[in-house]
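Each of the two complexes below includes subunit A, the first together with subunit B, the second together with subunit C.
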Partner chain A sequence: MQHPTLGRLLATCLSVGATFATLHAQDGGSLHGNFSTDAQYYLQDSVIGAVMPPQRFAANAWTNLIYTNKNFEAGIRFESYEPPLAGYPAGQPYKGTGLGYRYIKYTMSDLEVTFGNFFDQFGQGMVFRAYEERYLGVDNAMDGFRVRYKPHRGVYLKGVVGQQRFGFDNGFTKGVGIVRGADAEVSFNELLDSAWTGAGNLILGASFVSKYQADQSSQLVLPENVGTWAARLHYTSPKWDFYTEYAYKINDPNSRNGFIYKPGQAMMVNATYSVKGLGASVGAHSFDNMFYQSDRTSPSPFDLNINFLPPLTKQHTYNLPATLYPYATQPNGEVSGQGELFYKFKKGSKLGGKYGTKVAVNYSVAYALDTTDLGVADDTTRRLGYTSKMFVPGDRMYFSDFNLELRKKVSETWELALTYLNLVYDIDIIQGKPGKPKVYADMVILEGLHNFNDKTSLRFEVQHLRTAQDQGNWATALAELTFSPHWFLAAMDQFNYVTMGNEFHYYGVGDTSPDRLHYPIGSVGYIRGGNRFQMNYGRQRAGIFCVGGVCRQVPASNGLSLSITSTF
Partner chain B sequence: MKHFTLLLSFFLVAQFAVAQTPTKLPSVIVQTPEGKKVDTKTLSNNGKPMIINFWATWCAPCKKELNAIAEKYADWQKQTGVKLVAVSIDDARSMNRVKPYVSGQDWDYEVYLDPNGDLKRALNVNNVPHTFLLNGNGEIVWQHNNYEPGDENELFRKVLELVGKK
Partner chain C sequence: MKPLSILVLGIAALLAGCDIVEDPYGPSDNGGGPPPVEGVRRRILLEDFTGHRCIYCPEAATIAQQLKDDPAIGEDLVVVGLHVTDFFAAPVPPLGDGYYDNDFRTTAGTTYITQWPVGSGLPKGMVSRKPFNGSIMLGRDAWEAAVNDLLGQEALMDLWFSQLDHNTSNGQVNAKVKVSVAKDLANAEHTLVVYLVEDSIVGWQSDANSTPSEIENYVHRHVLRGTMNGTWGELALAGTEAVGDTLEFTMPTYTLNSGWNADHMVLVAYLYNTATYEVMQVVEKHLHP
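Up next, the complex of A and B:
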């Protein structure tokens, strides 16, 4: 079968490649890139409800190329989904092979201009963040242009215009809305230079973003231009650090908020204290009606997001807490808080012993925002939705997580880490499973690392999760044998020993003979310099895979998978 | 299959064009945990080797690697003058946690934040941990993806080679 765009694409590749080659030959610029693929061959496995896609073999692949020459830079990325892995991506489907990203950029002293695709963010992203997490399939790259200018030392200006990426069909496709934004930041320490006498620094910033989308509704009069603004303050001293940002959005009726005409607002506050051997932080967020997508009828909450509202919870690294019950921000309304402490008991101290002991304590909690419905007195009132106040939590607790970690090198060749977690998780809201009861879970994790010699070591994890809700208890055992610097072998089994299917039962109620399911999987990996190969064979549990603040549901599967990453 | 051939042919062209000239750090703006913007092309270690390590507070192997090096870092510096620059790719979710985390670990590294992955993209890093070794002229001479206990010994051997002690 002749692919309609294939010939054209090939011609583009060759000409772009040839151009780079020529440029290189002429004045010694450089060309670098990377390659990454995740492929899987799916096997039937009805016991765990494994997905069985119509095509047994699926592969995601990417390659980036960046050419730089003095003040000039150009980059392209090819992507291939033939077909994509099951459950990938979270939002709008990706299919076919083609160009996913391309840009040119040049820098002229204090001015930098980018044309084509780019990623950027204002402040901490509450009004604008274009970013990618390729392993999740999140990519809201802008396609347009960006100007960055530094008129004076300590003063940074930025302007962006463009449309956002929305899915992939033999090349990236774009959403209907247009996004425009500007940001200014002043760093007083740099601006005043010698006149600034404090040891600390004060940074002030402000942003404005606007999206345009034509009003095509016959029933409602919708705002075609929706503006948001934000202001931020960052004060730092050698020990203290204080950051706060406030954002306001004018009324933006959209399918996520039920087409109400209420404005949105968001605020974050964070303070940290750091001295050698001790770090502490406290923070709070309040979000109200802050979904901000460049298409008001975007089919999913994953696509066309202009802003990013970070969840204020710890991102766990161990398998069970990371993939079963991770929290996701609720942009329509949330009040959350977090406190954290890191401490190192010094070597030779009573609790530190010969090698020192590290402690980490973390607590985070998220509630619904307290809202008062305006009722349905008349259509105008109903369309205003509700009233609310910032930082006033409602009755419904979405999430809480208390966790404690102790890490200690116990001898020259042994290191141990013990972790305890207590979790409350509103699975109805966070994972969108209506009617499912709140999950209360306790977890204990023991990790050990033993070095046999300079190059060979064994790492193991034993994890246990106890809960009477959702899928019941889980036990996980993992062993990883590494031969530095090239090879590793790993084996893991996850055991779900009270399985209650789709129905909810307490222990001893309902099913008297619950299923006992094992999910064994083996891996082998080979690493050489910038190249990494990994092969897995076995069962993969359904779970939630997160990077940064975003998560994707991965369905259960059985089969053989291969990952390759390479940087050149 | 055609697409595969397509990618392969592109790679061949690309490989042909890849510069044999040494690579220096690209010019990208990162920030210190205190919010100060720094152009990465200005990073240097006064003619001595420099390690650039990409990590994140949510990456377990990254933290193992930086902790393993931390134990030996004082010796490494004494012997070779090497400097380690730890670039955190934590985003808005966790970038505020980086400074207290680093203090709590008692690390002596030079730390920068790359919250939108600009330096990560410019150096074509796929995933963390990823380590680059630069010689005294600021040229990237070696890189390594992944971390396994013991990898730090290989890294240090490369550093020793650079300063001619091996």
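Up next, the complex of A and C:
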């Protein structure tokens, strides 16, 4: 959807801004921005079921331009998907080239006003979070206005009104619903100043959000205004960090929950203790019927989300655990918990050796919520769907992850890290693969870093995953050679050496032996000034890409890809 | 403004943002029914690419049937089985011995897999020919999620068989299809195709989950037999039609093969976006109600 009037206004602002930046930079005006692109040329590869877009070549590209001058700021972002990379984005399709984001903002004393697009969140986002996760293809930016006001020291007020970004068709398009919200936060340390004698700080906050969508149903009376509220408490001290938030949503029948009228609830509690060389944290979450989208018939779970439910599992960065079996938050119902312990054995101690030894243990688990179905009579009367209690888990375990990491510098030039993971993964629920058996996997990962000299270093990873389910075993080897400050080279191979996928077995004339598939890929990168170039060639395994408990599937592909990022 | 006034205004604002519904069906409740959709409901076409020598295809057929039998999906899903590839779907010589003699391959099915390759093998399927996670041709494990993604959407148009006649003496079938525009088509052209499908044909099938793995009396469901108006159909909507416009299309007369069971014949009509091939609406009707 185009916005010619605002677009012209902004263009004018930017051209004025550019003139200022060029001619009057000494007056404080400045123009800065960035550019990034991810492009790929796809090759046929039927062995891995690689996608092959008809255009052969796909490219995503973005550029931001931001002008600031004293209390004034304006920005735009152009986006291009000609066509988008295969599997991108997670939700509503993106296509074409145009404006993806534009805003103006000014600050006057304690008041800040933003007009156009903006991202923001209340608390941890359980009732409102407008955010962009570019590589996931999630962008639910608001388009409207936001006011932030600080009426008193330590008191922060926020109000937002607008519609959400939906898809992209030569410019961003908007969803049908309207989102309104307000948030208040009090920081007692700041408010009471010298009267506050505690070592830490206490922050209390409360939010209210309501969405509007017309009821045009001939069969049900649908709530046109659906409200949610949340309250939160955050206590921090030099050693402790305690955060808790509770959210409640009134009846919100939608296509994600089967058009039931049950209210939704969410609660999270996290506590962290840390001193030098020791850290510990525990947390628990309970989510029940908490999909909250500004279109009740939103086409996918990725589109038009008003809220965000934070995950409570470790976000792995190693290739195999990060892309094969990552956990995705289940907003319709989940009870989860996590505990983590970090300890550093001191230098010179028996276990610490010459350089010290770091140990981290982490365990997280997620269950379905225990629910009782209300049955047919309810379907034809109040449509409340089921009953449940917070923090009461059901029988079905969705996920568990036990992992242990040892990290040690063994000499002046060598550092090693050894990680063990044990995963239980309900692939049916998490990846939506009905009937697939639960995956039980063990992983061992060895990472090493060797500095040849100040400029040249080698990092390697050797990973192994063993499972009798899903696709069977995987082995991965990765080596990255860095020549500072400009060049790096990397090579990786992923080897699926016991393929359990039965489709492969029958392809070819009666071949029933297990496939042994390699996914080699090589990369070269060059960094200079504000520019970074990276080129990859090889196979990309089908997998899952997750950020913050939100995951999209990445299809298998083969080809040459290029990434460029640039800032100025 | 006094604090009390602010409080009152605040509470008023909160109440304005919440519509609590005690009676979802309203005063004239007649109860039950599927989840509501504003406007016309979009139905979904699952094209199951299969073959009688494909050992995992029965598993896929079961998934398709489970989706079809799911009360939450039910009539919103139309399933068609397209037998494709020489490797999986050709008859096994010598012909005449009854052992894998069936040839369910069609010109349409063979053409479609050149447009949408089935990749590493069968079974595969397309859900309204809409890309799901970047692919149009999907493994069976993705069907349910892809169907659920489309479920409950509002359709651009509705279509139905306004006339369906079968002359049992000469086997001729005559059909008319009406299309009603429900939403702005945004200048997108749409093409109409009508399939002839025969349900429940008994014949040989390989099945990895069966012992022995060769089943003599396997029931093949929803088998595509042919198309009434060609593999790619005929242009039906130019995209400039107004909401509420209704158009009628007369299909060329089709003569059924005498070996087909007319009592099991089903006609499937669908409209796809001519540019993207995405199936935007579909309907099925038994030849003999």
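List of remarks:
Please note the rule applied: the second predicted complex is superposed on the first by the 524 of 568 C-alpha atoms of A that agree within 3 Å, B and C clash if a C-alpha of one lies under 4 Å from a C-alpha of the other, contacts with A are read in each partner's own complex, and residues count from 1 in each chain.
Just so it is clear, contacts are C-beta pairs under 8 Å (C-beta built on N, C-alpha and C of every residue); 3 or more make two chains touch, one makes a residue touch a chain.
What you see is a predicted model; the values in this text were computed from it and never measured.
A simple residue count on subunit A separates subunit B from subunit C, and the partner touching more is B.
In the superposition on chain A, A:527 makes contact with subunit B only, not with subunit C.
Shared-chain residue A:46: touches subunit C; no touch with subunit B. With both structures placed on the common chain, the touch criterion links A:567 to subunit B but leaves subunit C unconnected. After overlaying the two complexes on the shared chain, residue contacts for A:261 are found with subunit C alone; subunit B is out of touch.
Once chain A of one complex is fitted onto chain A of the other, the partner contacts of A:553 are limited to subunit C, with no touch recorded for subunit B.
When the shared chain is aligned, subunit C comes close enough to touch A:217, but subunit B does not.
When the two complexes are overlaid on their common chain A, residue A:279 makes contact with subunit B while staying clear of subunit C.
In the superposition on the C-alpha atoms of chain A, no part of subunit A is touched by subunit B in one complex and by subunit C in the other. On the subunit A side of its complex with subunit B, the touching residues are 3, 6, 9-10, 13-14, 17-18, 20-21, 24, 28-36, 61, 63-66, 68, 73, 78, 80, 82, 97, 107, 119-121, 124-125, 129, 131-132, 135, 156, 187, 189-190, 201, 203, 234, 236, 241, 243, 270, 272-281, 283, 308, 310-312, 315-318, 340-344, 356, 358, 360, 449, 451, 454-457, 459, 482-485, 488, 525, 527, 529-532, 548-549, 565-568.
The residues of subunit B lying in touch with subunit A in their complex are 2-3, 6-7, 9-11, 13-19, 21, 23, 26-27, 33-37, 57-60, 64, 90-97, 99-106, 115-118, 121-127, 130, 142-146, 148-151, 153-154. By the touch rule above, subunit A contacts subunit C in their complex via residues 46-49, 51-52, 86-88, 93, 180, 182, 208-210, 216-227, 229, 250-251, 253, 255, 258-259, 261, 297, 299-300, 379-383, 432-436, 502-504, 506-507, 552-555. Subunit C makes touch with subunit A in their complex at residues 13-14, 16-26, 29, 31-33, 35-39, 54-56, 63, 72, 117, 119-123, 131, 133-135, 139, 141-142, 144-145, 148-154, 208.
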